[in-house]
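Some structures to go through are shown next.
In the two complexes that follow, subunit A is the common piece, with subunit B as its partner first and subunit C second.
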Partner chain A sequence: MSLLLSEFTNGLVLTSYYALVACGLVLIFGVVGIVNFAHGDFVMLGGYLFYEFYIVLGEPYLAALVLATLAEGALALLMYVLVVRRLVSREWYAPLIGTLALSVLLESVAQAIWSAAPRSVATPAVFHVIRLGTAGTVNEQEIYVFVGTALCLLTLWAVLGRSKWGKAMRAVAQNREACAVNGINVSAVALGAFVAAAALCALAAALVLPLQLISPTAGDAITTQAFVVVILGGMGSIRGAVVASFIVGMVTALSAAYMSSAYTDAFGYGVMILMLLFRPVGLFGDASLRGWTGL
Partner chain B sequence: MTSTRSLRAPSRSRTTELSIGTAVVVVAVASVLPLFVHGIFILGVLTDSLVYVTLSLSYNVVVGYVGAFSFAQPAFLGVGAYTAAILCEHVSVSIIVQALVAVACASLVALAIAIPAFRLSHMTFAMVTLGFTLIIQLFVTNQVGLTGGPMCISGLSSLGLAAQQYYVFLIIAVLVGGFTRAIASSRVGRAYVAIREDEAMAAAAGINATRYRYSAFILSAGIAGMLGAFYAHYLTVVCPSDMNEAYTTTLLVVLFLGGVGGFWGIVAAAFIFTAIPESLVSDPNIQLMIYGLALLICVMVMPTGMEGLVKRLRSTLRSRSASRA
Partner chain C sequence: MRTWNCLRRRGPVTAIAAALVVLSVSGLTTLTASATQAKSTSTGTSKAPIVLGLSGAFNGSNGYVGNYAQQGLTLGMAQLNARGGVYGHKLTLRMASDNCDPGTAPSAAKKLISDNVTVIFGPNCSGATLVEMPLAKAAKTPLLESESTNAKITAESGVGGNPYTWRINASDSVIAKYCSTFIASKKTKSVSVIAENDEYGRGAAQFYSTDLPANGVKVLGTQYETPGQADYDPILSKIQAENAQAIVFVGEAEDLATLIEQMHAAGLAIPLYTRGALETEIFGELGKNVDLANGVFGCDYSFYGTDPSFDALYLKNYHTVAPEPSVSYYNLLQVMVQAMTLAGGVTSADVEAGLRKIDVKYSWGIAKFDSHNQAQSNVYITVAKNGVIHLLKEYLAA
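After this line comes the complex of A and B, so read on.
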């Protein structure tokens, strides 16, 4: 019984992790209009920024979380202006290979600065274990993850649904040209979405990475999982991303517990490949996004 | 079947003759090189370069000709290498037979990957090839009974002395180079370009994009598989790390620096990127940083690579001399 609960909690932690990261990816797909292979490295970067603020500078947890998010946002702004802006609306390989190159660059710079050895950013909350009767245990940091993710997703839903900026982002995701014609500053909206996505990554890192270790190459696994989630959920859909992150998170947690851990990663890819074979647009995807030139 | 008259090759032009001339000169020089180069180390570096040239040219078929971003090239090389190695463990066959079996295996794997991969778009294609590469790696690492897992398969027969190995890979490189060039200037090659540049127009001309994409991908995989079989005997050891998807980054740098979709630029870039790295920069991380930066700058600013720069230079000079005449 306690094993099942711990798997469920693990699954929920992964769900939250993937949900935050995948929502950011969906924002970048839809609003900026590019594929971002460096997305997982944004998480890695957020993790290291959090490390600097929390462990090195000794800020309290919440302050470190906010500072890391703001710092990542600033870096994302810089990256957009210098690099990403020039990859939008170009030949097919520009965003794919450009962001891959960015990913390689970020990883090697992170390794140069912080070395390849995995580091821990554990908070005291990781060790505050709460007993849930005979069902099992949960630790405080995991509660932070759930609450934090729920708050983030609610905020995202509110911003996208109600605010002017959110409406602009949705409009740009639907039809860039029409927006430009209507006087919306498409590149400013895209910049906002990019920075918001990076902020989500940093938040995900600050919430979840205390439960794990950071290393420069940790980004690759997250990128792949985020893509699996987004392909499963449907390319332009936030709702799809959240639902799919639940599926992928639970499948990963359960397969890690009950099957050979070597093939755990393979399950995610297997699900993705099956999805592409039978319903390429994803669970909530837009069927009109047909053809090779779409995202 | 719609007539493809308009896609027929123009009569042999001066450019083609120049190109064949260049090829003859380059192959001649490469053939006599071992006579002048002393030292097994340098010959080894040159042989490594030839392997990279062949692999890059095969990758160019997918990325350059038909326009799809695949992570799976190192995996196909690995599949070819492992096929040859496992075959050697059980039966005693000539290297040619091993190569043929390797081609068949790699092509089958490519077909299996192609079916879900080409479903939706560039991004899903890249992700599926990445996913399969990782799955293949996991499989190879964990099926210890079949592949020896992390302990590798060792004790494969070598191809011969350093000079003999050089010539084997030179012949392979020349054959593959000639083959891919022939494809590029054939009807099939032009169909690839049409699909890459404007799929709607290509479809209107009666070109089945999916079928051509499949063929390019499987062809590229077959070449990589064949190369892998010979590569296994060159290294005499085959390990799971040989099919690391990180090699894709180096291949991409070679392609984009050389000029994706071209030929001689890629050949030159492959030589440069094999010969230079070990001698200049010792830290592999700094090497990776330079690759990343080079690739990023290439994609942002110079996507046609060296070959594009040379072409632009030639056309500028030609127009200048023409305007003066």
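After this line comes the complex of A and C, so read on.
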């Protein structure tokens, strides 16, 4: 029982991580209209920005989290204006190749600036262990992850569902041409979505990476997992991304405990393949809209 | 054709992006690593330079190791070139990135072979070494090893196997024997093993599975991790549930730092014995939490401070403590040069002939090769304390 509860906690941390990152991926796919293969590298970049503010400059944790998020947003704005905006209207392969190239570029730049050696961004909360009797342990940073993710997702839900900006994003996701005709600045909305997605990545990095180490290749694994989650949940569904994050996070944690850690990734991919075989649009995708539910 | 015409019409951005991806997929890193070869210190001597090849990890999660290897070789080459080289031939270096990956390593080896290198200083990763060995054999180019520890390398080298692969460091079969003895001496009754999910990790884990029980220590299970893995919590929860008294970790320094942090974050306060990962780099990776590594044990074929002159040279040039790969490849270069001196020549065949005859003591052991081209290496048991690695015990090569 103790092992099950411990792995459930581990699975929740993974769920939170995947949910934040995957929601950003869904936003970019839905509103901007591209598949962003550099998405995991946005997390990596957010991690290094957090490292600079928290470790190098010595800012308090919350301030470093906010500053890293703002800095990442600013960099994302720059990336969108200089690179992504020009790719959006091209043939389908242009954004694909462009974001792959952006990924290589970001990793190379990170390695040049911070070297290939990993670095710790641990906060004191990581080592403040709370024993839950026979149910195992949890540390304070993990509690920050759960609370922070819940707040982020609630905020995202509120913005998308109730704000003017959110409605514009959903409208653009459903029909860009109709929005343009009706006077919605599609490009500005897409820019907003791109920046918001990058900000989610920075938040994910600042919450979760204190539990790990940051390195230039830290984005590779999370990119792959984010795609697994998005495909499982449905390419255009935020709700699907959250639910799928839970499934993938739990499968990852429980398979390492009860089967073999050597094949942890395989179980996640196996679930994805089963989904593609039996319901290609994903759990919450809309078959009539080819998987797209408009967020 | 229409597709390529479309690309050309779309402007430079897409073309550049496409080119970047094509180049990266086709081994840009290999080309780039070779293009950033160390500058030759040759100053116009009439004798052709000796071209050395380094297959190293310059990218990926092990990307720092190749750079350390290059530093060690470069310092050694500069020393030799300052004295006129070897038989008047200056030394130059070509590099290729194997990414510590068996999939990429053949490209690295082929690149070096096509550069007509006299010797390949082999990968630091066992999986990469094993796939480069047949290529070196086919090209009749000596492949010298001072890092990879998989026992198969010895088994497949020398008599009845690959005569062109030579290894100076101990294999995991030897290290595991001494490490298991040490673990048992600490009154440990049960361990869990965490190993890299590759040739190196799996190869070493099999010896701990037999050597530990032979010393009265039960192995509760072996968990596998991916190099660069970010999250050990599921594995650590399982180990906590198994009530293991200690953990044996077979992996790299970067993964050790993550494991140490997450053990503390999980409240798992049991001894940690590491194979190959306790290196000074982890202190840099742990940053201000360097004390987390206090009490972590290391079992390895290398130890700092055994070559003060190289340590001083490295400190002077790079202003930091010499990392293990730098010392390792520096040692390997000295062994190669000694072989050339014995053979009286600087060709690949001379290196082979010299290595068959060599019998010289160096800082980490004795460079004298047995019938499987394996030299005898010391084994060191170390412990980390306050950001420094201390020597606890050493098993000297006979």
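We take it that the second predicted complex is superposed on the first by the 288 of 295 C-alpha atoms of A that agree within 3 Å, B and C clash if a C-alpha of one lies under 4 Å from a C-alpha of the other, contacts with A are read in each partner's own complex, and residues count from 1 in each chain.
The rule is short, and it goes like this: a residue touches a chain if its C-beta (ideal position, glycine included) is under 8 Å from a C-beta of that chain, and two chains touch if they have at least 3 such contacts.
Because the structure is a prediction, the values reported are computed rather than measured.
A.B. asks: If you stack the two complexes on chain A, which partner ends up touching A:T137: first (subunit B), second (subunit C), both, or neither?
C.D. replies: Touch status of A:T137: second partner only.
A.B. asks: Contact-wise, after the overlay, does A:A226 reach subunit B, subunit C, both or neither (first, second, both, neither)?
C.D. replies: neither
A.B. asks: If you stack the two complexes on chain A, which partner ends up touching A:L277: first (subunit B), second (subunit C), both, or neither?
C.D. replies: First partner only.
A.B. asks: Is A:A101 touching anything from subunit B or subunit C once the two structures are fitted on A? First, second, both or neither.
C.D. replies: Touch status of A:A101: both partners.
A.B. asks: Check the residue A:A244 against both partner chains and state whether it touches subunit B (first), subunit C (second), both, or neither.
C.D. replies: After superposition on chain A, A:A244 lies in contact with neither partner.
A.B. asks: Between subunit B and subunit C, whom does A:L14 touch in the aligned arrangement: first, second, both, or neither?
C.D. replies: second
A.B. asks: In the superposed arrangement, does A:L213 touch subunit B (first), subunit C (second), both or neither?
C.D. replies: So A:L213 only meets subunit C here.
A.B. asks: Can A:A196 be said to touch subunit B (first), subunit C (second), both, or neither?
C.D. replies: Neither partner.
A.B. asks: Of the partners subunit B and subunit C, which touch A:R86 in the superposed model: first, second, both, neither?
C.D. replies: Both partners, subunit B and subunit C.
A.B. asks: Between subunit B and subunit C, which residues of subunit A are contacted by each of them?
C.D. replies: Dual-contact residues (subunit A): 83, 86-87, 91, 94, 97-98, 100-102, 104-105, 111, 116, 260, 262, 265.
A.B. asks: Okay, in this complex, where on subunit A does subunit C touch?
C.D. replies: 2-3, 6-7, 10, 13-14, 55, 83, 86-87, 90-91, 94, 97-98, 100-102, 104-105, 111, 115-120, 122, 126-127, 129, 131, 136-137, 139, 141, 211-213, 215-218, 220-221, 252-254, 256-257, 260-262, 264-265
A.B. asks: So in the complex, which bits of subunit A are touching subunit B?
C.D. replies: Per the touch definition, subunit A meets subunit B at residues 35, 83, 86-87, 91-94, 96-98, 100-105, 107-109, 111-112, 116, 224, 227-228, 231, 260, 262-263, 265-266, 269-270, 272-273, 276-277, 280-281, 289, 291-295.
A.B. asks: Quick check on the complex: what are the subunit C residues that touch subunit A?
C.D. replies: It is residues 6, 10-11, 13-14, 16-18, 20-21, 24, 59-64, 67, 197, 223-226, 228-231, 233-235, 237-238, 240-241, 254, 257-258, 261-262, 264-267, 281, 284-289 of subunit C that touch subunit A.
A.B. asks: Can you check the complex and tell me which residues of subunit B touch subunit A?
C.D. replies: Contact set of subunit B toward subunit A: 63, 67, 69, 115-124, 126-128, 130-132, 134-135, 138, 141-142, 196, 199, 209, 249, 252, 256, 260, 285-286, 288-289, 291-293, 295-296, 299-300, 303.
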